[in-house]
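Next come two complexes built around subunit A: one with subunit B, the other with subunit C.
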Partner chain A sequence: MPDTMSTRPVPRPNQRPSELRSATPHRPNVLSLLVRGAQGRHWTFAVGVVLLALVLLVLVLTPWISPHDPATQDLGNRLAGPSADHWFGTDHLGRDVLSRLMWGGRFSVTIAAITLVICAVTGSIIGALAARRGGWLDELVMRSVDVLICFPDVVIALFLIALFGTGYGTLIAALTITGWTPFARLMRGLALEINSKDYVEAAEILGSPKSYIVFRHVIPNASRPVVAMGFLRFGHKLITVGALSYLGLGVQPPDSDWGAMLLDAQPYMERAPSLGVLPGAAIFVTALSVTMIGQGLDIKKRRKRAKEPTAIPVPPPSTALVEGEAL
Partner chain B sequence: MLTFLIRRGMTLVVTLLVVSVLAFLIPYAGEGDPARKILRARVNDPALDPAQVEALTKELGLDRPLYVQYVDWLREVLTGGFGFSFTSRTPVQELVVPALGVSVSLALAALLLALVFALPLGIWAATARGGKVDNAVTFMSQSAVSAPEYWVGPVMVLIFARYLGWLPSGGWTGPAYIVLPATALALRPLGYFTQVTRAAMSDVLSAPYITAARSRGLSFPRTLVRHGLRNSMLPVMTLFSFWFAGLLGGSVVVEVIFNIPGMGRLLYTSVINNDVPVIQGGMMLILTLAVVINTVTDLLYGVLNPAIRVSSHA
Partner chain C sequence: MTTSVPLDHPTVTEAAQPLLSLQDLVKHYPAGKGKKVHSVDGVSLSVRQGEVLGLVGESGCGKSTLARTILRAVDATSGHIVFDGEDITSAKGKRLKELRRSMQFVFQDPYGAFDPKMSLGTSLEAPLRHHGMKDRAQRQQRMLEMLDRVGIEEAILERRPAECSGGQLQRMVIARALLLEPKFLICDEPTSALDASIRAQILNLLVELKDQLDLTLVLISHDLRVVRYLCDRVAVMYLGKIVEVAPRDELFTNPRHPYTRVLLAASLAEQAGAEANAMVSRLRGEPPSPIDVPSGCRFHPRCPIAQDICSTVVPEISRPGQDHTVTCHFWDQVPHPSALLATSTRNPDE
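Our next item is the complex of A and B:
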């Protein structure tokens, strides 16, 4: 009896082990997804994991390993080249560039990560509920997605800054207003697919409430594509945060991030080109690493899903549009 | 089809209403009353004469209830435009229209440049899936989408304008001025276009009609052009117009770096200077255009591909 009473999916005889694993409501965490190996994935996936691990390691250890205080000025030693004391030289106020890169990176990556988590969680929940409830809620959500997904992030940010002024709240809100939409669209497609599965029908017959089904079956089963999308969007967020800081509207002094460092470097590009190259390279490497990881996860997912015939034709999650949203 | 149009039309109207309310509220948000802020933006003098503030409040009717002011403002916007810029004292239309023209040409130049490289690369990768070329193209496209314009742009200026002196570093007075900004702007769409072309082409190439065409004796290049291209271009075209809509106002960073008098820079400077009429006009124009262009794209998509017209709901 316990099997039929439980809302857990009952394994079918012809079910493949991989299918079984994804059907259990066990939540795979990001780490185990990554560690589960680069086998069978594109080589860029492994490169991405290594790069991201390096970047994160440096950023986490920054308080202990940064060679100098990032704010200490040394006006007698401005725009200096690399030396034993300052590996990457000094900036226009004689501050150590390496230390500033480390501390600035913590701002860039943290802000991008916070907005990303907010977008992924709200977007997924909204998408799953829209698919589950249908009707006017679905209509409202999808129409909002249609509209918001066309708005360029930077324009929305300018709009919010005109309304509320600069600040971390405005920055995160600006990136969230449009940022949840790709997750909602993806999650809705996935949820429609999962909702047609036998175990969801079983749960419904047993009288489970809709919210239970959403949180117990739909969200855990959709986690891999959503995580893949999360990695893909992370790079975009990082670049947008940097863009706003570059325009002087993001991270405000005395704080500094990679975009703000690029802005500071502009008048000195000819005298000290490395000032204008290194922070951009840091954004590039970090964005590249998460893009590689995201596409690696995404490709595997597509191959696996392609083999399983789905019960109803799922509207294409329109990867094209979703990726095109990276404005 | 009709329900689709009605649905999209209503979405557009609701969007415009929401955007217009927010645009209307710009002078009221934050600290201080709007009259004070308008005067400050106009005269750039922190010490304001209270009598002047009082007079302007009366003159603009700022002491009336908000909704009355909104309706009045909306009527004015719908009939007479957005008024005059605080900083340059010219009508907003005269600022916005030329700026939009500049942005359109910049966006088209960048996206066509991206397309010219993306199509061959994507097709090449798709015909040799898993090979060295495919690997190289994948890596290249991933790099392209990860490269921020505000990094590539200034570095290109340093190399091609300062060191080599081949191209101007900024401005908008001749064909040479479009090369660097368009290249900087093209990089990320180039990456996305390549990926989408590759994906669409690989899907098409594994379709049965390709095998059928090949077994009828059609040469591979000809199959590629006649059947492959025609069927794989739809997603690329959608992405193209999506980016086009986004770049009309969204190329702020590149326009600022290269000092281009386009829509993005206009929005940016108006926000910096708190030039409310220009912010209101520019925002409403750009956000409307974004929604309209994407709606038209969806319509065209349905026209070009009858298979999805049925499920216009999704």
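Our next item is the complex of A and C:
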């Protein structure tokens, strides 16, 4: 019989020397958090963060740094090439392309971001509740997801805009109706797994209400993949907003966004190709940066094994995320 | 094998009222194709006020499911759970929430028992808040009181589970379970995930708290030494059924069910340093699947003394002694565990 069993210890537990190390609480600032976050992640994370930071910086500072009013026309100077005054030239109404890119980006990015946050929040809550309650609610949610995923979101947007007319509200609503489904699906899967954890069972046995379990245990513990998914979906949202604007159903004149600029540029593809290339590139870079962040969050960098100098393979994105794609 | 363990907690007398009584409790899980997993399959058992009942059996025999069914973490398929004179089998809502205060659970794996994203303080405080302790200072005081009881310093409340040791976390699990002042505590292998050096501390803590707080304990374990050390009575479970229940000393000196005897023999073999396969040679094969349970006595395919009747007739409950029940056709013909231990020549206690 081992010693641990045969000696009956006498001391009261609170007289034992403490098992605690001294706690060192520290509140890191945003920058050091970012640096820490980038360590141990795939390189795409860092690149994406830098790119996105640049784009956002320009968009935030637009009211102060944009060289011209984006709506001021100068019909005498139509479709001009780059010059000192107009770095990216002018469009078919003589408006400054650089200024329009900056102002238009504010619309595109804001609408995509708002839609995405609404989608992520509602989708997560719906998915977590479905997993928690199970039964008919789960069935209803998952079948709705199946149905909604069948419709391309542009089609639903066209339908809603036909009913309610154009407007930012309609646009956001249209994108949300299909947009929550991948989040619900992802969250449901994660929540089912988390529901089987001991700490969830503990909360149940301790008598914590269901809402507490969902909002304080399940959702926080599923947040990492959901955030990664949010970043991955942002690019998709941005492109969809652009597509709707391109179809003339998104942002309405005199406002403009990158999609609308593409539409405007179409008749002048041969005379001034940069009119189409620039907003396209803006959409591309922004979508790419955010997607790279999402990828970086999703892919854990493989730790170099000490004795294996072989190249580190880049793992494919997790299937859970690919599965949720509506395209 | 003499008593090398000091026995200083009183054995509960026959007269004590059962705090918990299970009547033919069944918990089946669907296994697809119309089949069922017979995790808990007709358990009748009572736990007396103030005692420590040991529940032993191999992994997968349904011990943990039984605990979860009693605690109403899962719903029973059939049968009754009577707690403190009240049938709680299908208690719901408010009643169930009140019940949560009186029966609690200590998890096997302390690392998984706390939300990794929450500080331990938040985890500990939540149940108090959910049970109507509105005053923050009061909650804080209650937590500190309990931390003191389990021997942990206040600073741990700031930490996350990943920053703590297994021993600390298991103390915290116990603290959390006891915050609500339950009278009944089920401990599911509370030490199996811990280092050997910590185990005795945790077990002693449990015994101490039991005495201080007037608890009734069910201790699930597959470690017979732990059971022998702590329990007043022992129930042996095999494949969803209780096969033998007896007071601790009676069970260890005069076991009647062949399964109990094989378990004891295996435990003796381990202590004697004999090869662990002494047990394997006695216990033929793996435990059968709880999906296709054997006919008759469930133990018959592995039983060293099985006869024809065992595969066809389910044995009745017999009473070899006062307060001792066994479910075996041949309980009076079972060889003693020391006789089963053919390979061991050394006496464990010399």
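Methods note: the second predicted complex is superposed on the first by the 266 of 327 C-alpha atoms of A that agree within 3 Å, B and C clash if a C-alpha of one lies under 4 Å from a C-alpha of the other, contacts with A are read in each partner's own complex, and residues count from 1 in each chain.
One rule holds for everything that comes next: a contact is a pair of C-beta atoms (placed from the backbone, for glycine too) under 8 Å apart; a residue touches a chain by one contact, two chains touch by 3 or more.
Just so it is clear, the model here is predicted, and its values are computed rather than measured.
Enquirer: With both complexes superposed on chain A, which partner does A:Pro220 reach: first (subunit B), second (subunit C), both or neither?
Expert: second
Enquirer: Taking the superposition on A as described, I'd like to know which of subunit B and subunit C A:Ala202 touches: first, second, both or neither.
Expert: Second partner only.
Enquirer: Is it subunit B or subunit C that touches the larger share of residues in subunit A?
Expert: B
Enquirer: A:Phe164 contacts which: subunit B (first), subunit C (second), both, neither?
Expert: In the superposed model, A:Phe164 contacts subunit B only, not subunit C.
Enquirer: I'd like to know which partner A:Ala84 touches here: subunit B for first, subunit C for second, both or neither.
Expert: A:Ala84 sits against neither subunit B nor subunit C.
Enquirer: Once the shared chain is lined up, is A:Gln295 touching subunit B (first), subunit C (second), both, or neither of them?
Expert: First partner only, subunit B.
Enquirer: In the overlay, answer first, second, both or neither for which of subunit B and subunit C A:Gly235 touches.
Expert: first
Enquirer: Touching A:Tyr212 in the superposition: subunit B (first), subunit C (second), both, neither?
Expert: After superposing on A, A:Tyr212 lies in contact with subunit C but is clear of subunit B.
Enquirer: In the complex formed with subunit A, which residues of subunit C make contact?
Expert: Touching subunit A: residues 4-6, 8, 68, 71, 73, 96-97, 100-101, 104-105, 107, 109, 112-118, 123, 126-127, 130-131, 148-153, 155-156, 158-159, 165, 167-168, 171, 173, 176, 180, 196-197, 199-201, 204-205, 208, 225-226, 229, 271, 348 of subunit C.
Enquirer: Any idea which subunit A residues touch subunit B in the complex?
Expert: These residues of subunit A touch subunit B: 42-44, 142-143, 146-147, 149-155, 158-159, 161-165, 235, 239, 242-243, 246-247, 249, 259, 262, 265-266, 269-270, 273, 276-277, 279-281, 283-284, 287-288, 291-292, 295, 315, 319-321, 323-327.
Enquirer: So in the complex, which bits of subunit A are touching subunit C?
Expert: Residue positions touching the partner: 1-2, 4-9, 12-16, 18-20, 22-23, 25, 197-199, 201-209, 212, 216-217, 220-221.
Enquirer: Of all residues in subunit B, which touch subunit A in the complex?
Expert: Its residues touching subunit A are 7-8, 11, 14-15, 22-23, 25-26, 29-30, 135, 138-139, 142-143, 145-152, 154-155, 157-158, 162, 188, 192, 195-196, 199, 235-236, 238-239, 242-243, 245-247, 249-250, 252-253, 256, 264, 267-268, 271, 274, 276, 279, 283, 286-287, 290-291, 293-294, 311, 314.
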